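The chains carry the letters A, B, C and D, assigned in the order they are written, with residues numbered from 1 in each.
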Amino acid sequence: MSPITSTSPKNLRGADSQLVHQEEQRQDLGFGTKLSEAYSRLINKDGSFNIKRVNEAFWDRLNVYNRLIMMRWASFLSWVILAYLVANLVFAGIYMLAGADNLKSSNDQAFNGDFWKAFFFSAQTLTTVGYGHIAPNSFLTSSIAAFESMLGLLAFALATGLLYGRFSRPTAHIRFSAKAVFAPYLDVNGWMFRVINARANQLIDVEVEVSLSRLETRPDGTKYRRYNSLNLERHKVAFFPTNWTLVHPITTESPLHGCTPEDLANSDAEFLILLRATDDTFSQTVHTRYSYRYDEVLWGRKFRAMFDGSQHGMVTLDLNKLDETDEVPLN
Amino acid sequence: MSPITSTSPKNLRGADSQLVHQEEQRQDLGFGTKLSEAYSRLINKDGSFNIKRVNEAFWDRLNVYNRLIMMRWASFLSWVILAYLVANLVFAGIYMLAGADNLKSSNDQAFNGDFWKAFFFSAQTLTTVGYGHIAPNSFLTSSIAAFESMLGLLAFALATGLLYGRFSRPTAHIRFSAKAVFAPYLDVNGWMFRVINARANQLIDVEVEVSLSRLETRPDGTKYRRYNSLNLERHKVAFFPTNWTLVHPITTESPLHGCTPEDLANSDAEFLILLRATDDTFSQTVHTRYSYRYDEVLWGRKFRAMFDGSQHGMVTLDLNKLDETDEVPLN
Amino acid sequence: MSPITSTSPKNLRGADSQLVHQEEQRQDLGFGTKLSEAYSRLINKDGSFNIKRVNEAFWDRLNVYNRLIMMRWASFLSWVILAYLVANLVFAGIYMLAGADNLKSSNDQAFNGDFWKAFFFSAQTLTTVGYGHIAPNSFLTSSIAAFESMLGLLAFALATGLLYGRFSRPTAHIRFSAKAVFAPYLDVNGWMFRVINARANQLIDVEVEVSLSRLETRPDGTKYRRYNSLNLERHKVAFFPTNWTLVHPITTESPLHGCTPEDLANSDAEFLILLRATDDTFSQTVHTRYSYRYDEVLWGRKFRAMFDGSQHGMVTLDLNKLDETDEVPLN
Amino acid sequence: MSPITSTSPKNLRGADSQLVHQEEQRQDLGFGTKLSEAYSRLINKDGSFNIKRVNEAFWDRLNVYNRLIMMRWASFLSWVILAYLVANLVFAGIYMLAGADNLKSSNDQAFNGDFWKAFFFSAQTLTTVGYGHIAPNSFLTSSIAAFESMLGLLAFALATGLLYGRFSRPTAHIRFSAKAVFAPYLDVNGWMFRVINARANQLIDVEVEVSLSRLETRPDGTKYRRYNSLNLERHKVAFFPTNWTLVHPITTESPLHGCTPEDLANSDAEFLILLRATDDTFSQTVHTRYSYRYDEVLWGRKFRAMFDGSQHGMVTLDLNKLDETDEVPLN
């Protein structure tokens, strides 16, 4: 029983532990308490995590499929064209090795030399266009061409899958207001931010979680990162046709109760936001992350209405007003 | 620390607020209380929202993929054919610039002139059919053709994805009764509407939410839109093989308790319906929205049964009877 | 305000209704109480519903995509081949109309006459194989061929989507024991049936709902169908590697308490089963329906173990033993 | 009413059973209590179940699509190439039977004999490259070629689906620490293991269930397998950017309370782990299973931190440190 070390021959004593109970109340979103210094930020503006990973395995880091799916269209198309060129250059070389004479063409003068004849034959084989005015005329060359045309079909199958994957990938285009605000809310104050669906397609069952991450000091002087989930006036809506202002009311139970701008800055505060929704077109779940740091929060400003009132019985929502705020005294 | 404005140097005082608690009970589906006028309607008959968005970003408004997926088949096929024609016209022009002589054909007289020879060569290249009776006969023309055949493959890959996306998109074909009714229900009255699955495939785990949207007047005379979710006798069924009459019983707790036809009209009432189900074929979630305005509600009529009784031991459901009602005195 | 009929000018009086409360406890799975006769059965052995729909709209009844996805492979491939033949016959006819002479071939004698030359040219165009030994030699014929090759690509795209849809469709291959049994269970009796995953892939998070459907007689002598959900000893397992015997313990709360075989027969009893699971390969949800009628339930028999004991430290599950039972006296 | 056996003419008496209630508390994950011997293990290291199935139906055991999706890339590509070769050999044979003379080529000497001419013609037809320098020259040969090119398109469609299925299949690459540990936790001890996301893509809403499987002895001396779910300090995180140490605190309620290394070994203890998460790229749910047997648990060791502290304001996570532990005295 070698893997069981014998540092502790005694039995495992358990106990009813108050500390265990406390720890279970922790509202960590998954970053852990060990991030005990003031980093630049936890969540970047594009929703990625500000964490560096080392010693990742090669294929895990490369992650080819995900990269080809996530990269910009310009990059994707450049890679496709590059791969097409390289494949044809390589096969042109192979046909040259197999003997350029074995590619019979109706007019050898037309292609700027044998290499380019082989190159164009390769292109016509890879895409299966196969005009036939250049054709393989030996066993070896015919074999290479048979293999290349099969490769071409597989490559095209791959491209089909990638294009479909790129288009059908569930994405939301949620725009968050550039700043969050502290504004009066009913008879108290509230911490608020605003979101809109920037795209024309419908999002439904939209759900938001907000967590406040702050550095705190333990009695022994060591620092640790503490997380508090923030209650929202509404955290879920079935429809999301207009803008939505999310409000955390600062009642006595709020972790922000009695907080000053300096407190937020000193504790390296960051508001972490996770939004989940369902895209109506494909019934796909979409996720968006965002965060506001202490220096992206305005005190004593409220959001300006995004509705234009109603013209011709139709509500008009002006997406450009997302970030507009007005000064307002706090309660 | 400039972004933190100093309009409020004081601390954020929180309070136990009764108003905050009240607001949390709000049953808004996501339209917000600001829609304070009598609009034509909130949800259109096709399930879209009756809201106009301005200043949407170009690509977000265009939303190419979604449009190509959602448009009617006739439009989709017209776009495909148009794109094919335009691509061939453009490439025919390019081949003409590269010199029509460089497209060697076995019979130049056959195609009504060089331009159409180039056009047909382009079509044969784009679709990779490549008969070869027209073939590229120079370095430049061969290069263009190699590029065009690759483009053709990509375009075809795209079409494959779009066709698959169009077919595999989760859709339900739920038909709602044209009118909702107020009818007797047990020893009280109920507000009812009826739905059927118009398609032959099975829907399971069907869930319905109904909300009543009305304009109300605040003590200060301003108007706001109020939302009440309506309790249903059943809001979920595991199977949906027949018709389903959804009933909101008007007990004393109902927001419709004591309501008259005039009340509904004066408050611009609209019943908002959200239906979620799972399509059994692909286990996809489908969503349908619908709404009844006050003038689409019948008072004192009940739905006629859609069953034909049983013939040969088999239940017969007549889909044509969905909208049929009979007069009935209310309780 | 014409659509609001005036049969009831009075207000809608609501009341706290005991009947309404009772009705909300109804455990109908979605069939409704109106199915008040002894039909052959509600759920067929293949999981479909035994309900006939009339006046379904043409396209909804046809439901082309779903049919092509659900039909057997033999039928599917027959349809594909048939469509290919018909398309080529139609296009051969069109090429004949455009003039058979405009299809230039190297050897007109080879194809059994002009029609078959046109037919094979069509096949070579539709599949984009395009050998070129038959080639279009006029403007009109070239145009038709350009259109046909595009059609061919679209048809192929369609076939790709259909094949992928057929393969990737979430399906479970759950086998239910041929009979359910009443057997002793702990110190009471239980109603039991047994399921296995017939396929080698893993199912996880398997969840089962069972409902008992019976005809009952109202005090006024009319019949209606009543539904009771049956509590299960376990209704959910995270893993499903072996067989699973589902047990409804017949305690005093059970609707089967005090029930005799004759009671079940007289009330046209049917046990309705809905199973939901997640397929591990694609993380897809799968649903299976099944039912046992009163004459598919054995009294006083218990299931025989399906395990072979362990050989070489490995559990062996014999799928053939699914239906085996032994006689046992009931408690 | 023949299927209802008459072994029990009496009514089904029910009873309020304490045993039934107890049984409902059972925390079996789905393996059942019958696995009453010390097997090698229940869950293999790759997440599959250590259970042998006999008498599985042929197609269910074969499970072609799943195998082609799950097999390694090298195997998959070998199968594709093999199928391509075999198909061409078969069709070459068929063309030979139909008469090699009916395949007209511009240079019959080029292909090492008629069989290979037929083989290359088949390859050019199956891939639809169709150069045309070999072409069918009889009705029969043209028919076979028309059929083969259609088959080629279908095969290609299949390959497209398989390639897309392989790439888009939801997979997580979770790495579990090689050993679990018993280590001090707050003022008690805890059983702990550690996981990381080995891949660069994001996982969200990660949820873990842990169950302890042990052999126990009934009062009558027979053995049965008992399952206890283990409470975790946290069982769910919204974000999973770093490592996550899962802790089961050994309080008095824990099934591990008072447990010794010998107890675990004697009871053939195995810790069964089920992890569910959502892949952010495609919003797909992914599942991972793992297990630790008693001899994969270290007593009195704790995990070493995987963070490198912060350099340049960025947290650095060293994936290589996953398995590193330090000796520590237990509480």
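The criterion applied here is as follows: contacts are C-beta pairs under 8 Å (C-beta built on N, C-alpha and C of every residue); 3 or more make two chains touch, one makes a residue touch a chain.
Since the structure is predicted, the reported quantities are computational estimates derived from the model, not experimental observations.
Novice: Once subunit A is fitted to subunit D on CA atoms, what angle does the rotation have, in steps of 5 degrees?
Specialist: That pair's rotation angle lands at 90 degrees.
Novice: Do the two copies subunit A and subunit B share over half of their interface residue numbers, or under half; same or different?
Specialist: different
Novice: Which option, B-D, A-D or A-C, should count as the same interface as C-D once over half of the contact pairs match?
Specialist: The C-D interface is reproduced by A-D.
Novice: Between subunit B and subunit C, what distance separates the C-alpha centroids? Give it in angstrom.
Specialist: Centre-to-centre distance between subunit B and subunit C: 26 Å.
Novice: Taking each chain's centre as its mean C-alpha position, how far apart are subunit B and subunit D in Å?
Specialist: So the centre of subunit B lies 36 Å away from the centre of subunit D.
Novice: At least two other chains touched by the same residue of subunit C: list those residues.
Specialist: 124, 128-132, 156, 160, 164
Novice: In the complex formed with subunit D, which residues of subunit C make contact?
Specialist: On the subunit C side, the touching residues are 80-81, 84, 88, 106-107, 110-112, 116, 119-120, 123-124, 127-133, 156, 159-160, 163-164, 167-168, 173, 179, 182, 185-189, 198-202, 204, 206, 233-234, 237-244, 249-254, 256-261, 264-265, 278, 280-283, 294-301, 305, 307-310, 313-320, 327-331.
Novice: Tell me, which parts of subunit B touch subunit A in their complex?
Specialist: 1, 3-8, 10-17, 19-20, 23-24, 26, 28-32, 34-35, 37-40, 48-57, 60-61, 63, 65-66, 69-70, 102, 104, 124-125, 128-132, 135-139, 142-143, 145-146, 149-150, 152-154, 156-158, 160-162, 164-165, 169-170, 209, 211, 274, 284-287, 289
Novice: For subunit A, which residues count as touching subunit C in their complex?
Specialist: Checking each residue of subunit A against subunit C gives 128, 130-132, 160.
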